[in-house]
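One chain, chain A, appears in both complexes that follow, with chain B as partner in the first and chain C in the second.
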Partner chain A sequence: MIRGTYVIKRLVAAVLSLFGVATIAFVLFRIVPGDPARLMTAPGIKAEDIERLRASLGLSDPLHIQYVNWLSGLMHLDFGRSYWLKAPALDVILERLPATLELVFASIIIATVLGVIIGVVSVMKAGRLSDKVATSASFIGFSIPDFLWGVLFVIIFGGLLKLLPVSGRIDPAISLKPVTNFMVIDSILQVNFIALQSSLTHLLLPSLALALGLIAIIHRTLRSSLLDILQEDYILTDRSKGLPEWYIFFVRAFKNGALPVLTIIGVQISFVIGGSVIIELIYGWPGIGTLSLISVNRRDLPVVQGIIVIYSLITIIINLAVDFLYTKLNPKITYG
Partner chain B sequence: MASKLLNRRKAISRLAKIAVGAGVAAVVGGAAAYYLTTKLPVTTQVPEKVKPDRVVIAYQTTIPTLDPHLLNASNVEMSPHLAIFDTFIQQDRELKWQPGVIESWQFSSDKSRVSLKIRKNVKFHNGDILTAEDVVFSLRRLGSPGMPYEGIYSIMKEITAVSDSEVQVVVDPPHPEPAFLTWLIGIGITAAVIPKKYFEKVGADRFGAEPVGSGPYKFKRYVQDSLLELEAFDEYWQGAPPIRYVTFKLVPDATSRAAEIESGTSDITFDVSIADFERLGKIPSFTCMKQPVTDVALLMLAPYHPQIYDLNVRQAMHYAIDKGTITKEVLGGFGIPLSTLEAPGYAAYGYVKDYVFPYDPDKARELLSKAGYSASNPLKITAGGYSGYRTRDLQVMQAIVEMWRKVGIEADLQIFTGTADFFARMDAAQLPTVSLYYWSNPSGDPLYSTGHATWPESPFTPWFAVKEKIDDPRMLKLRDELNTRFEALFKETNESKRMMIAKEYAIFAVEQGMVIPLFQAVQPVVVKKDLHYDPWPQAWVVPQSMSWI
Partner chain C sequence: MRSLQILGSKKILVSFVILLAYVLIGMSAPYIAPYDPNEQHYQDAYKPPFFTSGDWRYLLGTDSLGRDIYSRVLYGARPALFVGVVGAFFAALIGVSLGIISGYYSVRIGEVIMRLVDIWLSLPAVVFSICLIAVLGIGLGNVAIAVIVIDWTRFARVVRSEVLNLKEREFVLAAKAIGMSGFGIIRKEILPNLLPLLTVLFTLEMSIAISVEVLLSFAGLGVKPTEPSWGSMIAEGLTYFRTSFWGACIPLIAVIIIILALNYLGDGLRERMDPRLLVIR
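Up next is the complex of A and B:
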């Protein structure tokens, strides 16, 4: 159960966290070397031209003025204007956010489904060959970084086997009207099965690359948790009552065994989001990961700062959602 | 007996489960493989003997904006804009200026006025006719307050349409013709003619989202950071391009670009890794080409490190570098060794091509000895390079550091995190003693290739941050000499005299050692066998010059 006071406390904490993140984002990119105005020029430009450009971008203002402008803009959902794209930074970010969310959600779904299936099989066949194979596969999945899986998939499935596409979100020949900017959802809404198939096949490799590490973590956590729970007294009581094994496993044990998995997913989501940056670059995935790399290199401060705030907001929202789900899975848990 | 029966039953049950599981997996896997490999729409599947109407380019960079005047980018990033828009004049593969929308130009003798004749009957994609008004509007916009290249284009003080087909420009201060003409194409910005009426009607934001130009291709659709689709403009003044549809597919990762072309989903790509280039070169269905481009790798010495005040030291550093080995062994042939900053194809190259600064490690040791250094008392410096910014850039610097070590120079190698880091250190006068830099000069003119790369007043050289603080008499003398030479190059209006000045300046710059030219960059290009394409030295991707065989 979640009490109202808890919700209020979490919201206040979220606002304070965002304020802290916004401040760190502002300070960080004024400390690291790199003049955004300078990066926008070419030989032939004079020093006074660079200074004029700097002034037009607001970079000649004193730091405290820039900081106040940044915070007050934030409160009005104004992240400033992208130096390079000449558009409101928030619009630039929101245009690309669905691509990243689609990738992240697909990874989490794949990781959860496969991790749970492998975890359940591992528990049911604990100690046997299939359990050992699953455990070893987990280690491999976890040990190899996601970006390396990403490159391997490109080489194997894209280049050598020519089985799956390795860049973009959909086949260029398919024209899909952007409704939600989630390709899979837009394909379904427009009843375009060719677009749906194309968007799913484009989504498969990058989301799998991101998911592999998480599959391993979910598998290990669930296996460990379920093996413990299956030794609990109430399970032994259920068995002695003659309840079917499948009922004991999936109805009585699984729900409690899944709780640590939920916590793990909540914690790991921020790592999945972080990992998506390089995966987006490898797969030409037009999300905010790609945008963040380009913006950092170009010192496009409004966009970079905005992305940091958005990433934090996503993490905060997802963790709140996880807490909520927690109480639904186990009504005995009370927050507040 | 009963237990035997039970074991047999269990074994049969187990076998049955395995068989069923394997059967289901085989059916599902086979169906999935069949469906995915045969039902995927592949845009480049070609029926026999019918030329495709489309080309898919696995493009190596992003498209920051479709507004050509707001682009602040490398030459490669100008490519989509050069397909949609016409620049004021054109540049050919020999880097020579050619008539374009402006079909002729006339400079006054003192270069303070230019008369531009506009080509008649050039149409924009929306049907409007291109006139002097559009040229005036475009030039004025480029030099207007807030535009990224305001400082350059604002030298055009008065821009007037004297008729529908003639524009007069007052240039203040007067600039040499090549400098002016360079900016009628642009470096890192596309100096394009845009339609005044359309722009004023839709505004800047919508113009950037739905651009209209007069180029060979018209805009069809753009998916942010993903792809750009263009369609041939049938009324293009130079004739419609051979291929009807072009897709720039944005694939920033080199491995993915190689996989794109290998899988057949793209038809041409650029800047794959050397290993992938060599591997794809062995596949008969691809043509792999090496294209020298207008990009020179050089070492820049920072004039605030006392170790390099002695000319013997600077020259020793240059003599110690075996550029042939670097380009052959380290770069795998993706580099052409240079003795000056004038690369093959540049305007002044013909005047300096016989000049060679040789590899001579013995000479390097002799000069170091004159400067007071030896094997027991090596010269100690810092060196800056990149890792992953350009092809094998880290390996190039590591090879140079090793070559220096053999002659008695100990270089502590530092890695810049990116160009932002490099410029920040340059501005703060904190560059290492010597830094690797890539100097792009699509104009091919010595004013930019040698001039701006060595001129102490340029904010793109390490001199700029300390020009008022230098107190060593040798550096002061060198600074003044470089300033004098740059000014002479800038002011000379007679072209053959200007080339002679450029020749002497280029050789002087090298022999004074504040820049050490290394090599001209070579771009890897991979294209399907039945797609004809001659790459461009400006590193542009030019779909209008592609055709299916």
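Up next is the complex of A and C:
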């Protein structure tokens, strides 16, 4: 019952955040210099025609009317029509969303796997050379922003070593039916191994660039939390009971040590998503990152606002999920 | 331990020297650069650095328009450091002020401010900065504004929790007991104790501000196209990276060094601060 009110409180807070974000997205572009209608038309056009265009786009209505329309549209999942692409803004966004999601998911998976492995190795060899090397590498991985890693990988693996592709999601010569728009999943579903290999090699560099920062954070968090736990009394008891070391480590210590890591992943996901924008630019990845850059330039307001809301929605949902997962896994936490 | 102490200060020393070097280079670029950064030599385009090409006229090579990369890299320090210092400074100013207010004064205001911070943090930083630049227009000042508007929350959160801690310390309670005003307490007791934390945060913020400048210039949203910036150099260098990767590599190395230096500086400072959370009376 207490749990129930906590859930409701968090959901309400999430909805309020979303509301705040939608408002900011709206306000931001209404104070813009740069008339969307003017950007869509040739220079010689008459003033009254521009006014007609603006009216048809809904830009001549008084601000509060536009605001109400925007909000009520949101609640019906109607983000308006893209000024440029003559299609509902939501459809435009959803068409490119899988590309970005694939990139983000791949990064998170890579980061979690590698981060945990390196973290565990660090703890097992705590204080020794491999630990020191891992910690330094972590520091560097964390300090250098993801898009710089992206550029570095393009230069090294694309330019110097010419090992991996650095542009697009898949070899353009390969034909693949877009079912889910997730290249890897589609390749598997259609049992097309050439497509699978191509999509994976194209996915590797950008997702690795995004993952490095997260790997470093996971490594650091896991290392410090595990080292703390290994000092705890119940570990000592287990040892004196004669339980095998690997059991103590992986079953007893790890389960509790993994909790802070889970929280930190939740926090960092929004940064991974944010970083994906420039990574998409570098690797020619057709996701909502590149869409946002193009749309901002063209003042395609519905699309831009929609993208901001969608980004925040993803962040909020993931944060909620991580929160609830955390409360389930950690019996000590109180719902307040 | 003796060795740890030396290590701690070596980190700080080396990073600080590097930072200083960058500042000096940035300030003296017009005097030490061999060429004007926008001067184009078409017939000498795409030259690699002197150790590959043997051509000593262009120390680090030329880009696609024949501009001297060495000069451009030197000049590139200016926008980066400008945004780094100005952006970090004002982000700190706003964030620290709001952090102190929300930590020291009533709980209600604190909650409201933190709620605002939460909403702020759920906005994707990169997209938000791109939109801000779209609103404000291209230019270094606007890049700095973008940094400030987006990243003040970093200071606010940390400062707030630290102030909440400090509020309960005995010297603050003592100051209250002798009737010191709230403002006086903040000025004399709390702020001095925030300084170590603030220094660390400031170096971190500088490194973030510089990355934002590089990122925005890379996307063509930072400096004006006529101004040299590491970010725009990297973007330009990437267009011909298969022919010669030096065009992108050199500015990339320049950025990486300053960012690493700032992070090591912050890390070193934090190591020194921790066991010595001096209470300044």
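Throughout what follows, the second predicted complex is superposed on the first by the 315 of 336 C-alpha atoms of A that agree within 3 Å, B and C clash if a C-alpha of one lies under 4 Å from a C-alpha of the other, contacts with A are read in each partner's own complex, and residues count from 1 in each chain.
Methods note: a contact is a pair of C-beta atoms (placed from the backbone, for glycine too) under 8 Å apart; a residue touches a chain by one contact, two chains touch by 3 or more.
Just so it is clear, the model here is predicted, and its values are computed rather than measured.
Peer 1: Which partner chains sit in contact with A:Phe271 here, chain B, chain C, both or neither? Use first/second/both/neither.
Peer 2: Touch status of A:Phe271: second partner only.
Peer 1: Under the stated touch criterion, which partner chain does A:Ile316 make contact with: chain B (first), chain C (second), both, or neither?
Peer 2: The second partner, chain C, only.
Peer 1: In the superposed model, which partner reaches more residues of chain A, chain B or chain C?
Peer 2: Partner with more touched residues of chain A: B.
Peer 1: Just to be sure I read the superposition right, which of the two partners does A:Phe147 touch: chain B = first, chain C = second, or both, or neither?
Peer 2: second
Peer 1: With both complexes overlaid on chain A, does A:Leu281 touch chain B (first), chain C (second), both or neither?
Peer 2: both
Peer 1: Give one of first, second, both or neither to describe whether A:Arg96 is in contact with chain B, with chain C, with both, or with none.
Peer 2: The first partner, chain B, only.
Peer 1: Tell me the contact category for A:Asp171 with respect to chain B and chain C: first, second, both or neither.
Peer 2: After superposition on chain A, A:Asp171 lies in contact with chain B alone.
Peer 1: Check the residue A:Gly20 against both partner chains and state whether it touches chain B (first), chain C (second), both, or neither.
Peer 2: The second partner, chain C, only.
Peer 1: Tell me the contact category for A:Gly159 with respect to chain B and chain C: first, second, both or neither.
Peer 2: both
Peer 1: Report for A:Ile50: first if it touches chain B alone, second if chain C alone, otherwise both or neither.
Peer 2: A:Ile50: touches chain B, not chain C.
Peer 1: Using the superposition described at the top, list the residues of chain A that contact chain B and also contact chain C.
Peer 2: Residues common to the chain A contacts of chain C and of chain B are 32-34, 151, 154-155, 158-160, 281-282, 297, 299, listed in rising order.
Peer 1: Which part of chain A faces chain B closely enough to touch in the complex?
Peer 2: The touching residues are 32-35, 38-50, 52-53, 56, 84-87, 95-96, 151, 154-155, 158-160, 162-169, 171-175, 194, 197-198, 201, 281-284, 286, 290-291, 294, 297-299.
Peer 1: Hey, which residues of chain C end up touching chain A in the complex?
Peer 2: Going by the criterion above, the answer is residues 118-119, 121-128, 130-132, 134-135, 137, 207, 211, 214-215, 218-219, 234, 238, 241-242, 245, 248-249, 252, 255-256, 259-260, 263-264, 267.
Peer 1: Taking the complex as given, what residues does chain B use to touch chain A?
Peer 2: 33, 36-37, 39-41, 43, 56, 58, 62, 64-65, 67, 70, 72, 145-146, 148-152, 179, 182-183, 187-189, 204-205, 208, 221, 223-227, 229, 247, 249-253, 255-256, 258-260, 262-265, 418-421, 423-425, 427-428, 439, 441, 448, 452-453, 458-460, 464
Peer 1: Over in the complex, which chain A residues touch chain C? Could you list them?
Peer 2: Listed in rising order, the residues are 17, 20-21, 24, 28-29, 31-34, 139-140, 142-145, 147-148, 151-152, 154-155, 158-160, 270-271, 273-275, 277-278, 281-282, 292-293, 296-297, 299, 304, 307-308, 311-312, 315-316, 319.
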